[in-house]
Amino acid sequence: MRLGEVCGKVWATKKLSALEGCRFALLKLLDDDAKLSQELLIAVDHIGSGVGDTVLVAQYGAARVALGENLPIDAAIIGIVDSIEMN
Amino acid sequence: MRLGEVCGKVWATKKLSALEGCRFALLKLLDDDAKLSQELLIAVDHIGSGVGDTVLVAQYGAARVALGENLPIDAAIIGIVDSIEMN
Amino acid sequence: MRLGEVCGKVWATKKLSALEGCRFALLKLLDDDAKLSQELLIAVDHIGSGVGDTVLVAQYGAARVALGENLPIDAAIIGIVDSIEMN
Amino acid sequence: MRLGEVCGKVWATKKLSALEGCRFALLKLLDDDAKLSQELLIAVDHIGSGVGDTVLVAQYGAARVALGENLPIDAAIIGIVDSIEMN
Amino acid sequence: MRLGEVCGKVWATKKLSALEGCRFALLKLLDDDAKLSQELLIAVDHIGSGVGDTVLVAQYGAARVALGENLPIDAAIIGIVDSIEMN
């Protein structure tokens, strides 16, 4: 999984019908030393994260295991991070 | 998912028969601050996006969940973006 | 999918038996403005592309949807590109 | 698979229920000559690695083959490395 | 698939039981003009490659199609390269 920081949302009125009701969070992924990278990722959020939250993101097939096999998605927020211990 | 901007189309007359009727959109993916990156991606579009549209792209197995399990594709446009809120 | 330019072939006599008869095309992937990138990819070609052709490449599970679920491959040429329209 | 060095842990109280009991190891992936890269990856660890261990990490669907098909994860520690022989 | 050069081995005594008997080859992937890149990849080898061999590597689900669906692996050596023709 990757660590990301929620930095916004994306709205798409015209979308596949299977995506009705999905909330698309805009994330910046974290690199070494928890700095924000240049990578933008959109992940579906059913947990209720907010802007500024650090989240765990599962990608690829894991996103559908997380939120539903019929969802045409490749990234999902699977947890909101309380703390990171880095040695 | 990734954000991309539709910047053209690709035509391939000689292709696998399962791909007949597919429309191949040419996308530039968006990086941090919604700048266009150097990455080119071809995604199948059944939604009807046009040049200049910002779109949501699902990759990997999600592309087939989106548009059909028998399609030999790894990227599909799943939504046309109305607005991006970035904090 | 990605765009690639066929720049050669790869021969492997000692290989898994499921791969007998596969033709391994050597590709350079195309980045922004259709410049050749530094990325080398090997894709199985059942379409009959030649050196210098620009091709559509499907990766990950899509390669097996394209050419056979029993093939241990992660990239396949799915079309030969006639023209690219970039705005 | 990739080589990673365990450099910490991540805690997430609010997470999908399927993830209860999972231990999230924070890894830096190793590049050429076994130098630590800038890439941070979070992998579920059921083996019992500790900070400073070099580990083998399986990604994508392999993570669920390793630890359970119902887990919404895309990375798992599959072994603790004893030694690396590089010529 | 990617081209890699076998540059060593990795030993892991403590590992998932499904991996008993697997031989973990240490590879450097090849970039443009067949130069060695900085990317290190560990692939399971059931073919019998040796240090210095150039090999074809299949990643993602293709690794399990190659060597066994119950193996928690994401990379496998599927062939030993005899020659590369690059135009």
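So that you can tell them apart, the chains are marked A, B, C, D and E in the order they are listed, and the count of residues begins at 1 in each.
Here is the rule we use: a contact is a pair of C-beta atoms (placed from the backbone, for glycine too) under 8 Å apart; a residue touches a chain by one contact, two chains touch by 3 or more.
Owing to the predicted nature of the structure, the values given are computational and were not obtained by experimental measurement.
**Student:** Minimal path length between chain B and chain C through chains that touch?
**Tutor:** When the steps are counted carefully, the minimum from chain B to chain C is 1.
**Student:** If we look at chain A and chain D, which chains touch each of them?
**Tutor:** Common contact partners of chain A and chain D, which must touch each of the two, are absent.
**Student:** Residue numbers at the chain D-chain E interface: does the shared fraction exceed half, giving same, or fall under half, giving different?
**Tutor:** different
**Student:** Please work out the Cα centroid separation of chain C and chain E, and write it as a whole number of Å.
**Tutor:** That pair's centroid distance is 19 Å.
**Student:** If you average the CA atoms of chain B and of chain E, how many Å lie between those two points?
**Tutor:** Taking the mean C-alpha position of each chain, the two centres sit 31 Å apart.
**Student:** Touching two or more other chains, which residues of chain C qualify?
**Tutor:** Residue numbers touching two or more other chains: 60-61, 63.
**Student:** Select the category (line, ring, star, complete, other) that matches the graph of chains linked by touching.
**Tutor:** ring
**Student:** How would you write out the ring, from chain C onward through chain E?
**Tutor:** Order round the ring from chain C, first step to chain E: C, E, D, A, B.
**Student:** Under the stated contact criterion, what part of chain A meets chain D in this complex?
**Tutor:** 1-3, 30-32, 34, 47-48, 56, 58-63, 65-67, 76, 78-87
**Student:** Okay, in this complex, where on chain D does chain A touch?
**Tutor:** Interface residues on chain D, with respect to chain A: 7-16, 18-19, 24, 26, 28, 36-43, 51-52, 60-61, 63-64, 69-75.
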